[in-house]
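The structure under discussion is supplied below as structure tokens; questions concerning it will follow.
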Amino acid sequence: MSTIHRKVSEIARDIAEMKIRGAGNIARHAAQALVTTARNSKAKKPSDLLADLESATKLLLRTRPTAVSLPNSIRYVMSRAHTGHEQHLKLKALRKLIIDTGNTFIQNSAQAVGQIGEIGARRIEDGDSIMTHCNSAAATAIFTTAFKQGKSFNVFVCETRPRYQGRITAQELSQAGIPTSLIVDSAAHSFMTKMDKAIVGADTIAANGAVVNKIGTSMVALAAHESRVLFFVAAETYKFSPETMLGQLVHIEERDTSEVISNKERTAMPHLIVRNPAFDITPPHHIDLIITEKGIISPQAAITIIQQEFGSTRTDELMKYQTKPRD
Amino acid sequence: MSTIHRKVSEIARDIAEMKIRGAGNIARHAAQALVTTARNSKAKKPSDLLADLESATKLLLRTRPTAVSLPNSIRYVMSRAHTGHEQHLKLKALRKLIIDTGNTFIQNSAQAVGQIGEIGARRIEDGDSIMTHCNSAAATAIFTTAFKQGKSFNVFVCETRPRYQGRITAQELSQAGIPTSLIVDSAAHSFMTKMDKAIVGADTIAANGAVVNKIGTSMVALAAHESRVLFFVAAETYKFSPETMLGQLVHIEERDTSEVISNKERTAMPHLIVRNPAFDITPPHHIDLIITEKGIISPQAAITIIQQEFGSTRTDELMKYQTKPRD
Amino acid sequence: MSTIHRKVSEIARDIAEMKIRGAGNIARHAAQALVTTARNSKAKKPSDLLADLESATKLLLRTRPTAVSLPNSIRYVMSRAHTGHEQHLKLKALRKLIIDTGNTFIQNSAQAVGQIGEIGARRIEDGDSIMTHCNSAAATAIFTTAFKQGKSFNVFVCETRPRYQGRITAQELSQAGIPTSLIVDSAAHSFMTKMDKAIVGADTIAANGAVVNKIGTSMVALAAHESRVLFFVAAETYKFSPETMLGQLVHIEERDTSEVISNKERTAMPHLIVRNPAFDITPPHHIDLIITEKGIISPQAAITIIQQEFGSTRTDELMKYQTKPRD
Amino acid sequence: MSTIHRKVSEIARDIAEMKIRGAGNIARHAAQALVTTARNSKAKKPSDLLADLESATKLLLRTRPTAVSLPNSIRYVMSRAHTGHEQHLKLKALRKLIIDTGNTFIQNSAQAVGQIGEIGARRIEDGDSIMTHCNSAAATAIFTTAFKQGKSFNVFVCETRPRYQGRITAQELSQAGIPTSLIVDSAAHSFMTKMDKAIVGADTIAANGAVVNKIGTSMVALAAHESRVLFFVAAETYKFSPETMLGQLVHIEERDTSEVISNKERTAMPHLIVRNPAFDITPPHHIDLIITEKGIISPQAAITIIQQEFGSTRTDELMKYQTKPRD
Amino acid sequence: MSTIHRKVSEIARDIAEMKIRGAGNIARHAAQALVTTARNSKAKKPSDLLADLESATKLLLRTRPTAVSLPNSIRYVMSRAHTGHEQHLKLKALRKLIIDTGNTFIQNSAQAVGQIGEIGARRIEDGDSIMTHCNSAAATAIFTTAFKQGKSFNVFVCETRPRYQGRITAQELSQAGIPTSLIVDSAAHSFMTKMDKAIVGADTIAANGAVVNKIGTSMVALAAHESRVLFFVAAETYKFSPETMLGQLVHIEERDTSEVISNKERTAMPHLIVRNPAFDITPPHHIDLIITEKGIISPQAAITIIQQEFGSTRTDELMKYQTKPRD
Amino acid sequence: MSTIHRKVSEIARDIAEMKIRGAGNIARHAAQALVTTARNSKAKKPSDLLADLESATKLLLRTRPTAVSLPNSIRYVMSRAHTGHEQHLKLKALRKLIIDTGNTFIQNSAQAVGQIGEIGARRIEDGDSIMTHCNSAAATAIFTTAFKQGKSFNVFVCETRPRYQGRITAQELSQAGIPTSLIVDSAAHSFMTKMDKAIVGADTIAANGAVVNKIGTSMVALAAHESRVLFFVAAETYKFSPETMLGQLVHIEERDTSEVISNKERTAMPHLIVRNPAFDITPPHHIDLIITEKGIISPQAAITIIQQEFGSTRTDELMKYQTKPRD
């Protein structure tokens, strides 16, 4: 039987207590926990080393039930570890493979936003008007990279009710010197006819290329599609959800109603229900391209990313490495 | 030469000073001014009576440059007056025609919202979920009429940023006992797939059936169209714009930017422009029906309403009775 | 007080007892009843004559609650009678107007199918493949007229489950010598790509141009639209429903489930519900043209037919002359 | 020269004489024949073993000219056998590879319907109304799996003229306790607006994601697409056709016309042709997802399945292992 | 019996011999011929006057078999003449009515292009890029009127193979000082995404709003529709075809093949056919507006123009006043 | 340090001086240059051999800045060379791998057009009418292969202004005996409704399946899409652009304006600009299939080709092997 290394337990606890936050950051710490486990394992044979890793993954998968990046980092490492084991790697070689793989994931993940910025910036042309919604590090990286390259363009930002994350984007872009316009969300369709592109981030990407992102994203995508404006999604590969390949639906959380209307104001409305879903789903046929750090793909090719990154041809493992409710 | 009756001058002044407000109310007072003019005219022959009326119209058309209902009430009366004159009506008969016509317009206009409520309520069925946007007396009349008839349905109301008129609608409907849900505007597309219909009001309707209404309306219409949900516009006939038949474009006003973001918050955003158009334009092919007090029409048949109500086959008169900037 | 002429009572009874059948036939007999009433009325003044006619209409409207042609024949006559009365026609002239109007309606109605055949046949070209559905006298008239003119074309007939009316059409056309193919309904989309046109009849046409017709019609229309094949509806003007202008919905009857599956076979299916609607609704944007005896119109111009034929600018009368449940 | 093992000849004969039936069953027996060949081969060197297998494949490919699953099972085994040979596997290792590969295919194939049931059931949600067409083991597995999981939903089944396979589905589902509605095929569009999803099986899937299935499937897909209802195809991977990658068209058979109308009834219809294609083709842009036992894919990613399962990057082999007319 | 006035015979001959050319010019001369006939008629009673006019129309209708404007001018006058006769006008009044009506048509027609220029120019906005095709007086009038009003815009002109009429337009606009770009026809779709509007003329407009115009027009319309660019047709009312209401199809002429490729160059191409249709048909759903001198209409409202201008509710007369082959 | 073999320098010079022309030919010579380099390299260890090859690639990539096939042939060889090096191949084995790989590319490339002809010909059916545009060896191969197989079909060729390459195609096809029709480009939409398919070639294919080809291609594709006609692109795999995966846009060159209108004729047009882009971009959703020598793919699966052929999962190498401006 394996014992969990103290450092791994600490990482798991910090993720659970939200001391480690942010999709990329969580993913990198989980990979680090596997590297640490491999490095410190007292296993005498390959199967024992794998058993130690499996123990670590169980602990990690219980920390944060809804994160998509955490199981993906584990799948990235474990699918390669299992393949190595099946190829009869000896203990030392298997340990090295796991450590190298974990470090590769950590490095790739840390560079992902920057690379998306580089790749996406190539698609921005002088004179472009571009709409965005909510606040996405990857989308912002594209804008700032292109701006630093001297390209001349302007961005329309939807305010993103109910929590106004669009204002954060507007501040970031405008302080970077990019000409920026702020509009209410429902004006997106009106202004879309004057846009050349729309670029947003993603929370989760399903196997068929559907994108789960902040409420309103699907409406911006619909307006772009209707106005024949290119719609790009900027997303790190660890946001692709292998579970969806096996039918799993992405859960859409509803947030507190006071974000929409104050409880006080509601007292005058006896039969009123307030609905406040945090996300919506943009179907693949309203998306022109997904920009990842591995390159640009059609949304319909999302499955290619999932298979290449997370070894998802091994469908049995896909369901094993899912997040679980905590004990 | 004619002199303007004192009562007419008062009406014109009250319209100009916004003591008389609301599209229907303005239209009825303008018609009343023509009735008063006809009644008090000292004209000795038909052409003099018409001259007196023309003087009154000139005064009225200068009071409120952007109202669509005001010139329509004048066109309603004057197109019939001119036809009567061409048919060689004698002074007495012409005077009677004008007074009767003015009173008919006043009566029709006063009953319009109620009749739209009756007609539109027939389209609501038990079990319907219906989306609405902003705050429209005609749309609300449909909901409350159907509810009083015992129909069981619920309404989703978009909050209608930036001024939240949707909250007023939510309050009206919920206080009337109708099950009502409030959502942010950008959630309209997400919830649309669960709707059976969408019903909104109108500010102005163009000759080709395009509808000018509160910002966000065209986005709700687009979402309804995409989700194959019926989209109805409830509008009194005096909101149809005969000028658009002759090419005139409907002007879309931009309102104060502080409605979108406080000036204080903007100080941190050096390159930020705020765009705040009050209205948007919904194209006819995204509208299934327009519900008027004269019955239900396809948007493409808008020209039929314009011709029947405002005598617009007389294209010369269409341009004569336009609102003008005040002296 | 008026008394109903014996002949009128007989007509009403024969309609109620379905001795008089078929949309056109019912309409003509109702018009005849009004002519008879006008001819035999003992009225001494115009208003009494109208009162006699109103009594007759009440009797007629109670005979067949769902017919669309019956109230239309009454509206055709009565809207013109009321207009005549408002123009102060004397008794004799009014009586003549009513008799002439009734006879005109009867004559037009009797010739309608033939004229539709003439007009529609002009749209058939040598080499055409044309799909049809169910069994419609007007559609068949188009095919046989064109064939008699020597045009060379072939017709694909959907069998029209559950009652196989398509087989009747197939028999009529094939016996007339027209090359005819019979297919199951669900093959309509497969063969549509090889068609040049699709032509069907109508049960009722709504004010916005939507067409109520035999179940499956909307699917043929959808397939035609998807395959960019022209879709024509052949319909006599008395099938246009003025009530729909005022919001009335067309009721879709569900027929006996044994038409779909025998009761015996159903006994093996414990949780089975059988749904058997007789009609469906084809939206106007899937219809290219409606061919009436008054000419070809866009479906969006349906309101023009309603206003010209049934005087529907008089919205008060529209609702008065509706069919009512029998006493 | 190789000789065919007696057991292989028996399998080939049983397939040809339809004693072995059903796409999956045929495929598994063909794979078994290759395993048997490998096990009993008297080959002295790897190339001789391959020669024995090639002889067996020739025999098998001549048994059933139109089956898609039979050549696929052969391709599955032979593409891996050839790769092994190219990697210079020794005789023993190659034999083992072939036996293991054949057994893997047999096992995967036997579990495929069950796994599709598991994966597809995750997509069914409480309250769903779902349409289906014809009778598909894979689609039925999804419904019954979801129902056993306690999900509450109902299914609308199209009767599927001309052979009414929909009644079989209706009986299976309703006897399983699932609330089931039966409709005529042409009512699919009418009821589609009330559906949340549509799920059907497949006969063959082309390289571009087009689906060949029972006549009427493409019409249900079109109606689902028009009504913005999700359309899923449930299909085992051995139904994907590698030949289509190289341009081969899928042949659509026409069945006996007496299925559509009895020969007796036809005697009255001199110029009548009856068309009775057994299948139709649903284009990929009308399909949202294909549910395979390997997971869910976009139809546009069908080529990924073909390449992974049948080694289709080896285009020369694709055409070699095609079914051929029997000697 | 009536005799044709010498002046009428001269007009007919000049039209036939193409001394009188151009749609508007022909129409005005035909109306003038009727005025002349009415003025010089020796008729003693109204029916004789009408008989004289009918003789003149027969002569005129035989002069130019394919002109749409010629029968329209006749219908304009004759439908009003017949209505006057039915209203029992006396000889003198009827004669005056005919003369006045003819002169009104002549005056309206002469001013039509100018008025279309005025109306259409209101739709051009500063900064617009507008595409046009072929050479149309009405479209050019819109551009030059807007330019004289000081509006700043530019026009993209398709060269309009095979006869390069676009070069004439390019010359007219560029010589007027309007910034003009010339492109090959097949580049229309590429540049359309940068356009705000497209404006073309018309040869004939059908009752359902379909527009027959120079080959390539339907492709520009399709590209505009796809790119969500507004597509306007500028057309005088006498180009609307009442015959199409009664099913008549518009004949599309094929012109000499040497316009496409020289006969010499063709000699090297043994199996080559050259197809050279002069016109194509743009369907109404690809047209946003039709700009006539009577105002702007939806294409679906084309029937309204036909009925108001040419009295087409009198369907019997529609077919009577068709052009006929010359004796 | 490496020295470039004389033969490699000659190849580079011949490419630069356009003695070596044509996408396939250039690609094959570049691969040959690498084979030559590998064969003649004096390297003592694998890394030196790779260094020699890198020197050769640098020279080759500077010869022709806009060719897409040249860097692809280099990527084909070099991605496999690097993989071999990473797998610790010894010098001899690595040299062999490079030579074999280069020769494989040369062979595949030389056979590509023929194989596309074979594959594409399977999609042509008796009775087909097929449209094509410009002049493409791959598309022509499909037509002539199918014709030699005895298939009966005809081809419509757009003349392809401004340089009339369609006439070359018309001559090739008609001289081969295929019934061929020539039309002006703007007639493509008119005739498309009579077509069964459209097949064109490609200049470059982007990672998302968008196709860059001769101006007018996107318009033919749009017309095919609108008319529900299948649109196929025939393209060798070396025309797929891996750079586009990393965001690179394909540059669209504008050619001399005198191709559109002679400079002399332009002198009369003072404000005229002539725009003459050589290519346009067809979006993937207007393309049904891409026919490559490796088989048929959905455009959305373009990335699969890129990854399999050019090792593009190695994104760092993708950008390294780009064409560069010459020293």
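Going in written order, the chains are labelled A, B, C, D, E and F, and every chain counts its residues from 1.
Definition applied: a contact is a pair of C-beta atoms (placed from the backbone, for glycine too) under 8 Å apart; a residue touches a chain by one contact, two chains touch by 3 or more.
Every value quoted in this text rests on a predicted model; they were computed, and no experiment measured them.
Among the remaining chains, those touching subunit D as well as subunit F are A, C. Annotation: the subunit B:subunit C pair of sequence copies touches via predominantly different residues, less than half of the used numbers being shared.
Repeated interface, listed pairs A-F, E-F or A-B, reference D-F: A-F, with more than half of the contact pairs matching by residue number. Chain centres here are Cα averages; for subunit A and subunit E they lie 59 Å apart. The distance from the centre of subunit C to the centre of subunit D, with each centre set as the mean of the Cα atoms, comes to 47 Å.
Counting partner chains per residue, subunit C shows two or more touched chains at residues 226, 285, 298, 300-301, 304. Listed by label, the pairs of touching chains are A-B, A-D, A-E, A-F, B-C, B-D, B-E, C-D, C-E, C-F, D-F, E-F. Within the complex formed with subunit E, the residues of subunit A that make contact are 193, 226-228.
By the touch criterion given at the top, residues 118-123, 125, 285, 288-289, 291, 294-298, 300-301, 304, 308 of subunit D touch subunit A in their complex.
Chain contact summary for the complex, subunit C toward subunit B: residues 207-209, 244-249, 284-285, 298-304, 307, 312-313, 315, 318. Taken together, the subunit B residues at the contact with subunit A in this complex read 156, 158-162, 167, 170-171, 173-175, 177-191, 215-216, 218-220, 222-223, 226, 260-261, 265, 268-277, 280-281.
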